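Here is the structure we will look at.
Order of writing sets the labels: A, B, C, D, E and F. Residues in every chain begin at 1.
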Amino acid sequence: MRLEMMTSAAVERYLGDCPGLIVPVGATEQHGPDALIGTDHLCAEAIARRCGREHDILVAPTLAYGMSQFHLGFPGTMSLRPSTLTAVALDLICSLAATGFTRIYFFNGHGGNVAPIRCAVQEYYAARSMAGAATPTPVHCRLKSWWEMPGADALRRELYGAQEGYHATPSEVAVTLAACPDAIAPFNRPPPAVSTGDILMHAGDNYYDAADFRRRYPDGRVISHSALATREAGDRLIALASADLAVDFRAFCGAE
Amino acid sequence: MRLEMMTSAAVERYLGDCPGLIVPVGATEQHGPDALIGTDHLCAEAIARRCGREHDILVAPTLAYGMSQFHLGFPGTMSLRPSTLTAVALDLICSLAATGFTRIYFFNGHGGNVAPIRCAVQEYYAARSMAGAATPTPVHCRLKSWWEMPGADALRRELYGAQEGYHATPSEVAVTLAACPDAIAPFNRPPPAVSTGDILMHAGDNYYDAADFRRRYPDGRVISHSALATREAGDRLIALASADLAVDFRAFCGAE
Amino acid sequence: MRLEMMTSAAVERYLGDCPGLIVPVGATEQHGPDALIGTDHLCAEAIARRCGREHDILVAPTLAYGMSQFHLGFPGTMSLRPSTLTAVALDLICSLAATGFTRIYFFNGHGGNVAPIRCAVQEYYAARSMAGAATPTPVHCRLKSWWEMPGADALRRELYGAQEGYHATPSEVAVTLAACPDAIAPFNRPPPAVSTGDILMHAGDNYYDAADFRRRYPDGRVISHSALATREAGDRLIALASADLAVDFRAFCGAE
Amino acid sequence: MRLEMMTSAAVERYLGDCPGLIVPVGATEQHGPDALIGTDHLCAEAIARRCGREHDILVAPTLAYGMSQFHLGFPGTMSLRPSTLTAVALDLICSLAATGFTRIYFFNGHGGNVAPIRCAVQEYYAARSMAGAATPTPVHCRLKSWWEMPGADALRRELYGAQEGYHATPSEVAVTLAACPDAIAPFNRPPPAVSTGDILMHAGDNYYDAADFRRRYPDGRVISHSALATREAGDRLIALASADLAVDFRAFCGAE
Amino acid sequence: MRLEMMTSAAVERYLGDCPGLIVPVGATEQHGPDALIGTDHLCAEAIARRCGREHDILVAPTLAYGMSQFHLGFPGTMSLRPSTLTAVALDLICSLAATGFTRIYFFNGHGGNVAPIRCAVQEYYAARSMAGAATPTPVHCRLKSWWEMPGADALRRELYGAQEGYHATPSEVAVTLAACPDAIAPFNRPPPAVSTGDILMHAGDNYYDAADFRRRYPDGRVISHSALATREAGDRLIALASADLAVDFRAFCGAE
Amino acid sequence: MRLEMMTSAAVERYLGDCPGLIVPVGATEQHGPDALIGTDHLCAEAIARRCGREHDILVAPTLAYGMSQFHLGFPGTMSLRPSTLTAVALDLICSLAATGFTRIYFFNGHGGNVAPIRCAVQEYYAARSMAGAATPTPVHCRLKSWWEMPGADALRRELYGAQEGYHATPSEVAVTLAACPDAIAPFNRPPPAVSTGDILMHAGDNYYDAADFRRRYPDGRVISHSALATREAGDRLIALASADLAVDFRAFCGAE
């Protein structure tokens, strides 16, 4: 059930049964020599729509732009600032709350989005808490990334181990191969990325600026072997993640 | 040529030939009893992608969320504040400028987006002008809505005249019928909207708040007869608008 | 009736009869070789005050500063950023709403102000709409520029045709000649502007940055023949515009 | 020399002789039972323009709106938020710096403006200091209120003593009587204000919110006897203040 | 009574007796050749905590960072922008108001903090006033710097006269000598500062940018003779200031 | 080495040897029936200062206020909004970068601070990346919480297991018992918290608003048994965490 393909009256009926929806968020950023610039939002979108279709869950339009400043050394990257992504997520929460939704599930495809969206959720609550609101708002938010879905997470570890890496990973490439079968040319699959930035990642510093990133990771991937991706793996990842997403979404909607 | 379906290296090659791209922007808002919540972004997207495909023009991912505060009286509407949309557009301009683009063409599907995006463009220039920059930036921006494309504009006037109205117009509904053939149920086409808000529109006041809008326009349409829309008209509108868009985009890229 | 020349008690009495007022907004920016830096706010002010005087309409102090970033290549220009002008207009709306006004008519003298003020109006409503307000606010806003007043618009087209141009136009110069008879030296009237920026204007791109503007329009005017202005034409323009403004203001105040 | 009455070329010539200008700032707020809503900006404007005229000093258009939140309990008050006034002053500083001015003298008529304008000046410098700029900017700013001019300050103390009070003071009313001779009705001059808010003022807490202000100071004046004002005193105050302003401005422009 | 050393239940009991608390605010900035970078917050903290301890007044954790942009030419300075300090103070006010406090006393140790904190207080009230709130909020704020306490002010004038200067003054150094007896090395006490920036200070312009400050005041002090400071003077200043603070705080809490 | 206890000249010498410093950040928020409101900043401060003292590492003043909106249902909590904390951290980064630091290590004591500080770091880099900076900035940032230090993390798991819980944990209470031996009354140690919000925490939703938190966790603790804390455990935790912090800081400073 794609929100953009429905009328407002149909959404009103849906709200009679279920107070929540899924909002896919991703990014538009370089993904190395063989993977798609849209990988992050295409993954979140493919899984969320599959989940919505099979489980009658409402799915909002995908937010295709995320916080990708470290990739701005590569053409094709289009990034929001953290504060802008926070503002966008906050406005979507306010809009949904104003129109009757009380369970908002952000389904994410890009690590750089996590902090800004968490800030948006807290900013929403802070406005109430600082005003001294005496009763809890019924509006709850959850943010999960697709690779946190248990089945998909287990599979990607099993399939790729250390070659999964951190950016332009074989698992996300696999999902796009399954979601957009003709988009990635089969003859253009590179060897594993060799990079000089390992220490940085292990310390969890989340990269520095765009020039720094390009210097450390000259082919755009971060310690990943993207060419291991297959369409078959992508099909399995989508199926597993969308099933787990449905379960987690239902639990979220049902929880007090 | 969809940016999200390319690699960064391919975008780099494109930039060798052409300094510009098209960024479709729309909205996610109620469109009356029979039309789709995604109408505004689906229209901009369908025309821009057709144009990109036929004319080898780069098209960025669609920004599906716009400034739709007046529609927040109807479930399914998800709006950005004006200042948020301005921030988004400004970040996209900065990202594109940082990665080598000098012609940015926002192709719009929603009237409420015009002022915020214009502000973003001026904010971008104001930062330079207030810093006393001595040389012009080569980055130029253009903002056009699809119904400003001359051929499509003439056709919608010819087909619908005064029944075109202002929101959930038969022309935009026609475009979505062509772009998403199965989305609108044929048995659910209402008579023309009857509303009490005419004076407001004629004075160009662009609606007031959401409760006011719902009171004035209870079925969500503004003086339009959406049921006049046909898929055939949509096909013609898309063809005309995408052809004009290509011409205007090329002129924009070629101009000093 | 100039607000700044009244006491608060007198304003309170006025509010018993009429819920609205006019707020003139302009700019402080270069206007080419012979016209005044204050042209835009002097025009809005002269027409609004004439209207207020003759029709007992309350007129607020003129906001003399507007969004003029493209003119910052010429000394004497003092510009606000778009976001700043939006904040100013929003605060004025909030102030007036808090003190009992429900009809706020921004009367504008500068094209660059339109988008930021429109954003302010929408930001005001968005705050209510996103909070889910169930009842409409009675506060309505209108924004019109003086050259949109029908009589004045017809006259400037009749008098100047294509020589009206886009900036430092003979019609606005005429209004300042009438409003400030001694301000413009009669011996300093230049030939028509010759510029290289025509294409830009026709595409509606609203100029780029200040260095770009100065390069394209080296004498500061945009395709206008400012020397055609006469004090007599200015008198007529003021009279026509102020009469139309009164009519439009009364309709605005009377409309539901 | 009023900036708004000059051409850009004339400003450029002025800059050859003098690097500075005066920017009058005031407020639009209730001033009790007999004084004008525009008192604060009319005072700053009258003194600054007299100074500019007699001493060939450039005077920018008056910023008529200031930070007056505590007066919003009385109709006719139109206030900016502190952050908005800061943004306005910052943009004016940036504009003037970008176009060649290095001495910016804010001449103020309202106590509530002091903190926001000081913040703007520091924000301007903070941007440079936080960027690690190695050389000082030549742009200097000064902020003075008209009652700080030594001669005028001495006179108002001599004339009114404790009856000067804090808001709608006889000295500012006198200035407006001189500047706008016909604006204040002679038959409407009230006895001294009686208020319950004395303690607050003596502690320098600068009032609280609008409802609180109206409760403490029901006739709008703060411990002042506005009816003591005379046009003659106003003439003397303007003359003294404008002479001192010229001296201080010249010293400011000449200082390293 | 230090807030950070209490439980929430204890604070709740305190609120039954007293509606107010003291929030010490300072800065982290260079203080010349012999004084501590923390001087400003150490002074405010020492006096406030002494006051709290002796008079059973609640004291919040010290805000150690303030608005110190002009000192960024010297390593060790860590400054907030004015707008950031305003945001911090506003959030603290909102937090305290939401949890039952109605008297908030900012006790300050740095001149550069005054304008931003004043703006925060006014911003807090402006939100209410612009919303048209009909009843006064009971929340009151006061901002005082320690050198405004009458006894301490008299003593520093008596002890140091003109050698007190404006930054890294002997009185504040004395307070830190008393508060942190081992922190300042006795063998490192310099002769009085010689500087070229006198005119600036006398005009009240509050310095310009960091590079300018370092050029004018190369040893970091502003016309002060810091080496006159003694621990004994510091002990007396702390005792006097904390006693006066208690009196002013009690008056503030008791006032309507 | 506490920055606030040094002169600027001493900091300059330190920078000759080491490019980095530690900035402790915490919170001021309720911590249940027996623990201190300052727990989060007292823990970060105690460990960072011990580390600084023993390893000659520079430690900045503690930021005692953090993002604690969910605790605003309990008096004594003083929170920043997420956006405010982001602004503070960004200004501190800019200040340190402007004065020569290139390694900034935020040492955190409160989970709610993570997202806002991460946003600050990314906002800092985004400004460079969006400006198209061609060379990497040498400024690097790291954010770690004290319970992520490996030795301390292992010990708290060993000592408390599931009774550690999520807020007002025995391990943080132990640290404050060691750091402030007299602050927590021995007779006031409660039984384990009983709460109804378990599901929420396990889903990682990070609480909702303040009223909701108080309803779910009425005694302020989240599934923790704070009374298990001992001063001895606190001593060991501090020792372990400060040793690991020194190692991680040195690695951070030494890494490219």
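The criterion applied here is as follows: contacts are C-beta pairs under 8 Å (C-beta built on N, C-alpha and C of every residue); 3 or more make two chains touch, one makes a residue touch a chain.
Here the structure is a predicted model, which is why all the values come from computation and not from measurement.
Across A-C and C-D, the chain pair carrying more C-beta contacts is C-D. Taking the mean of the C-alpha atoms as each chain's centre, chain C and chain E sit 46 Å apart. Residue positions of chain D touching 2 or more other chains: 72-73, 79, 81, 83, 91, 95, 98-99, 129-130, 132, 210.
Touching pairs of chains, sorted by label, consist of A-B, A-C, A-E, A-F, B-C, B-D, B-F, C-D, C-E, D-E, D-F, E-F.
The touching residues of chain C, when paired with chain B in their complex, are 67, 69-70, 72-73, 79, 81-83, 86, 112, 114-116, 118-119, 121-123, 125-126, 128-130, 132-137, 139-142, 144, 196, 199-200, 203-212, 215, 248, 251-252, 255-256. Residues 91, 94-95, 97-99 of chain C are the ones that touch chain E when the two sit in their complex. Within the complex formed with chain C, the chain E residues making contact are 129-132. Residues 2-12, 15, 28, 30-38, 41-42, 60-65, 72-81, 83-84, 87-88, 90-92, 95-96, 98-101, 180, 183, 188, 210, 220 of chain D touch chain C in their complex.
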